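Common to both upcoming complexes is chain A, partnered first by chain B, then by chain C.
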Partner chain A sequence: MIATALKWSRHNLFGKPFDALLSIIVIPGVLWLIYQSLDWALTKAQWDIIPQSLRVLMIGIFPADQAWRAWTAVIIIAALLGAGLGCVFAFRSRHAGFLALVWAAAAVLTGTSDLINLLFMAAAVAVFAGGWAVTSYIPASRRALMAASFIGLIAIFAVMSPPGVGLWGGLLLSILLTLVTAIVSLPIGILLAFGRRSRFSSVRIICTAYIEVMRSVPLILVVYWIWILMPVLAPQWNLADVARGMIGFTLFYSAYVAEYVRSGLQAVPRGQTEAARSLGMSEFDINRSIVLPQAIRVVVPPLVGNVLDIFNTAPLVFIIGLTDFLRAGQMILANPQYGDRTYEVYSFLFLTYFLVGSLITYVARKLEAHLARGSR
Partner chain B sequence: MTIDRTDARAFASESDMLASKRRRNRFRHDAIQVAIIAAAVALVALFAYAVKEGLARHGIQFSFSFLWDAAGFDISEGKTLVFDNGLWPSLTSFTADRTIAQAFVTGIVNTIKVAVLAIILSTVLGTLLGVGRLSTNWVVRNLSFWCVEFVRNTPLLIQLVFWYFAVVLHFPPLAAAAKFYGVVISQQGLYFPSPVWHGGSSPFAVAMAVACCAAILGLILNGRAKIRWICAGAAVVLLGVMLATGTLGLDYPVTSRFQASGGTSMSPEMAALLLAIVVNSASYIAEIVRGSIDALPKGQWEAAASLGLSRRNTVNDIILPQVFRVVLPSFGNQYISLTKNTALGIAIGYPELFNIYGTIANQTGHSLEGIVIVMVSYLVLSWVISGLVAWADRRLTKRGAAR
Partner chain C sequence: MKLTKILTAGVFAGLALAATQASASVLDTVKQRGTLNCGTDNTAPGFGYLNTTTGQMEGLDVDFCKAVAAAVLGDASKVKFVTVTDKSRFDAVLTNQVDVVFAHTTIKPARESSIAVDFLPINFYDGTGIMVKADLGVKEFAELDGATFCTTQGSVTETVLTSAFKARGWANSKVLTYENLEKLFAALNSGRCNAMSTDKSALAAWAGNSPNPADYVILPDTLDKSPFAGFVAANDSKWRNALRWITYGLFQAEESGITQANLEEKLKSDDPFVQKFLGIGGGYGKDFGLSDDFVAQAIKAVGNYGEIYNRNLGPDTKMYLERKGTPNALWTEGGAIYSPLWN
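Now for the complex of A and B:
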């Protein structure tokens, strides 16, 4: 045992003089850092602030007695995510146990003792598994996914709106914003990508200009501009801040989606188009049923990465006064009673963001490997 | 005979038909083009009309003349271009009596300041991290991996806010500031020693300074290794002589209880923004570097080894030139996105372009004209960066081997 450890460390830590030097400098520093953080996290930190303010972090100032609406939205989101997962990874019975474990972990970590919350959580996990199973066992259902996503989004809006759209907040707002942007920017991005290689030079120029301009200005600007422009352009609509934020995000990310899709379109061999044309298919049919499916297949991993980008830039909605997850955390810290809990709250925020982000990255990597295996 | 004739007639009519079909198609194509252009123009006109109407309701007129009004607000830090003495502009601190155009310039200068520093620092740090991810040392490899992974999977904004509220604002106050070799680190900002010119206009000192600048330029611009070594040596010697003779001095910051004077200062906002952007961008650059070193065929290492090249020569002459070629366009994209990310400075009150635009829009109500200016500024910044990267790319291609 000790012999193997010594052999391992000689090989991996002290293999060369330079490595040995690095090890001598770095290892004590890392150990000291780990000791300090553990010491702080286990003895000094007052974690009770997290369960106390969990509701604000999750749904912002959404009224507590309307929480069932938020839970319904979570359940719809879970169904959509599960259905999306099922398109690529087949559901197996062993996954059910794993999901049950996830539910138990979520229940313990959030420290909730409320029966209703536990039930809602269980429902979300069950619906996730259901969506996953449906799309993995019934291939025909995958075609309906895009339509189902739009219906799901409309349902979420319908359920969440009555208490007031201005009350949306917390992690739920970040996730909703990400979801809406990811789903709506996909068809727009596809249209822009086709527009950029259209036969008509005018369409080409317009689409290229749109994509390039959007890609060279910061997102925060686009969001802010849409926010101030909407009331000027359409005062009678009186759009809520949340909706204006979503429009800004969608307009911005459509340009990025368009570039990813375009790279996918370029990856489709010319022979595919030529073969379809020689069969007498119309241009529209060629693009819809020959080129696009192959292109989308290639760009699924970068598009999932794009979802991570959207989620990671969602906090920028602070500029239009929305209370997303990060802003909710800052709101808690603004309370003088909790003024000294800066590190606790930020640790929780960082950890949550890191967990969600790693999950998305993991799925993207898995997808990449999965698709690489599937292609010749 | 008759058959031939009918054949010929059929052929002629078919070619006629093809020609007319082509004409029809071309006409349809043109008609659609015109229709699209007309629709686009109509859309833009409608947009402009709606904006004009909307602004008129608020009693604002779309015009750029507000740019020459006095600003009437202060900016916490930053220089602007001033044309006080003749045509040659000079950089002076912004004050409330300057024009709004000069306020915009202050924002652009502040943005460029952070962007240039961040580009240099994040390239260095990112390359180190990227090489660290391929280290043979287990601890270094995993440490780099988790740092990169953590930074890439969390939002930049929370990193920025964390750096500002939880790190920079928790630095010691100025009275108890940490000092390293003249660098002062405190809540009120960072202070560095800065070079000062004591030589006046004596011809000898000026000649030395010019020669030193020429040597540094040669070091950057000349392609040949021998000349670069000579230039570097000359620059170091000249700098040493100037420091020794006192023509060039170092101005150390002097701290009192509440303020510091002398040297160069960096506000806490800028320090936090710089830290956040450098660390964030460095992890993306690390991924680019790692990816392109990984992507190099193993045969390159093996071929170099079989030629008897030392490891240093292999890395310097075989691996790095190829990596640079592959990496440059991705670096360019990263630099552009880094420059755009400086707009987050508004979250902690750093007066970059977007922050100043917000102030101007609030003060004057001319938010739409401001949009045009800000958009054009960012477009130009992006173009400049991609132009510079393309230039560097061309230079490296010329020097290096064919692709």
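Now for the complex of A and C:
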């Protein structure tokens, strides 16, 4: 064991003079950093603030007695994510043990001792596994995923709305914003991508202009403009801040999705369409049954990366007064009672973002490898 | 960002102006709706923040929102807090998304001229303050000749300090600048600076959040002006005047010694002014489109100005900011909290 480790480090860390020099400089620095962080985290940090303010971090100022609504939303999200995963990775019984571990880890990390919360957490994990199993064992169910996503989103809105849309916040808001943007921007993006290749020049010009305009302005500007424009243009709708934030994000990311999808469309060999045409298929059928499935296959990994992008830019909605995960942390720190816990709260935010981010990139990498198998 | 800000503000000020002129006063809308949409910050210690234990919003600005809801609708719980940021607060009120904003906003000419909001009476006088360590034994700014002052880079405070030195002929006083407040506070603690200087409300937050707040003293002197006030969209006198006099009512209540605790007793008072002020047998409210007991309702909900101040910035809070000897004191005690004559 030790011999292997020594061999590995001699080969990888001290193989060449430059590598050795770099290692000598970097390794002690990294070790010192790790030591300092651990020393602080284990002896000095007062972590009690995290369990105390966990509800605010997770759901913002959403009323505590309505928490079941938030949990219902979490369970629907879990089902959708599980079903999405099942489309590419087959569910195996050994995964069940792993999911049980995830549940236990979540319970320990958040320091929850409330029985109801633990049960809801277990339910979410179980539903995740259920969704995963359904789409991996019944391939026909995968076709319904897009429709199911939309129904799921509507159900989430229905269950979360009664206490007031203005109360949504915390990590749940960040995730909902990400999910809505990712799901709704996909069909819009696909239409825009086809529109950009359309034979009708008017459609082509409109789609191209939309994509180029959206890609050349910053997201924060789009979100802010939608936020101030909607009440002026359509005062009778009285759209909530959350809805306007989601519209801004969706309009912006649709343009990016369109470009990813277009790159996928271009990757489909010409022979495919020509062969389909010679069989007498209509243009619509060619695009739907021949081109799009192959194009989507190519662009799934970048689209998953796009989801990570959406999640990481979600904190920008603070500009229109929404309390996303990051802002919820800042809101806790604004309480004079907790003002000296800056490092604890930001460390928790960092770790959560890091975990979610690495999970998404891991899935994207696996997906890429998985899909590449088919085209080898 | 600045240019877009000005452009958007300009365009929407025009649109909002047209909208307010065409429709009824916000006062009528609020009464019809039955809730007040009040814009506040949720990350400002002492002014607007969430008490995570109770799940309620707290702060000086939050209390003003509650007072307005109580005075207009007769129920302080009929307020909906809408979070606004430094960036969005003006557009929020100009596009009628909130009825009034209380968000530690400094009155500036451009905000009333080009952005087109109307400010309410000043409800907190902030300004550049000085904080020293308690063991230095300094009581006021005048004793700090020759001291080293620290402030943040590129802030107005630097200019304010150097001109104060010049005015007093202090040749040996120095200003050191730091990148952010955190480093500034560390420099004060390490003794590199004798005094730390920035906005008073920020000083109070830093001292209050430190492990031992008693180690620091914020001097009573205020070196320049940064008055906070609530604001509404311009050109709605009915709404603005109602809000102005609700604010004045809270000031006057303190001056007349009417508190949340003795309100019931004062309602039975035979002093004709107190009777009319609280709306017993006719009052001031009707002509504003409010109920006659609007001041009594506000006091019942949050107390008079002094009580609001003490609840959020008083000696029992972590954000303690001395009131005596500053403009935040009542005018009868030499401050600038002043209500016009009521009768």
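The criterion applied here is as follows: the second predicted complex is superposed on the first by the 361 of 376 C-alpha atoms of A that agree within 3 Å, B and C clash if a C-alpha of one lies under 4 Å from a C-alpha of the other, contacts with A are read in each partner's own complex, and residues count from 1 in each chain.
The rule we apply is simple: a contact is a pair of C-beta atoms (placed from the backbone, for glycine too) under 8 Å apart; a residue touches a chain by one contact, two chains touch by 3 or more.
Because the structure is a prediction, the values reported are computed rather than measured.
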Fit-or-clash call for chain B and chain C when the two complexes are aligned on chain A: clash
Chain B versus chain C as contact partner of A:Leu221, first or second or both or neither: both
Chain B versus chain C as contact partner of A:Leu42, first or second or both or neither: neither
Partner touching more residues of chain A, whether chain B or chain C: B
First, second, both or neither for A:Gly166, with chain B first and chain C second: second
Which superposed partner A:Val232 touches (first chain B, second chain C, both, neither): both
First, second, both or neither for A:Gln330, with chain B first and chain C second: both
First (chain B), second (chain C), both or neither touched by A:Val213: first
Touched partner set for A:Asn312, first chain B, second chain C, both or neither: first
Partner chain(s) touched by A:Ala5 [first = chain B, second = chain C, both, neither]: neither
Touched partner set for A:Phe200, first chain B, second chain C, both or neither: first
Overlapping contact positions on chain A, where the chain C interface meets the chain B interface: 221, 224-225, 228, 231-232, 235, 318-319, 330
Partner chain A, residues of chain C touching it in the complex: 4, 8, 12, 15-16, 19, 39, 42-46, 48-53, 55, 80, 82-85, 87-88, 91-92, 95-97, 205, 208-211, 317-319
Complex contact set, residues of chain A against chain C: 52-53, 56, 61, 63-64, 164, 166, 221, 224-225, 227-228, 231-232, 235, 241, 318-323, 327, 330-340
Chain B-touching residues of chain A, taken from the complex the two chains share: 12-13, 15-16, 19, 22-23, 26-27, 30, 199-203, 206, 213, 216-221, 224-225, 228-229, 231-235, 308, 311-316, 318-319, 326, 330, 342-343, 346, 349-350, 353-354, 357-358, 360-361
Touch list for chain B against partner chain A, complex: 29, 32-33, 36-37, 40, 47, 50-51, 54-55, 57-58, 135-140, 143, 149-150, 152-158, 161-162, 165-166, 336, 340-341, 343-344, 346-347, 354, 358, 361, 367-368, 371, 374-375, 378-379, 382-383
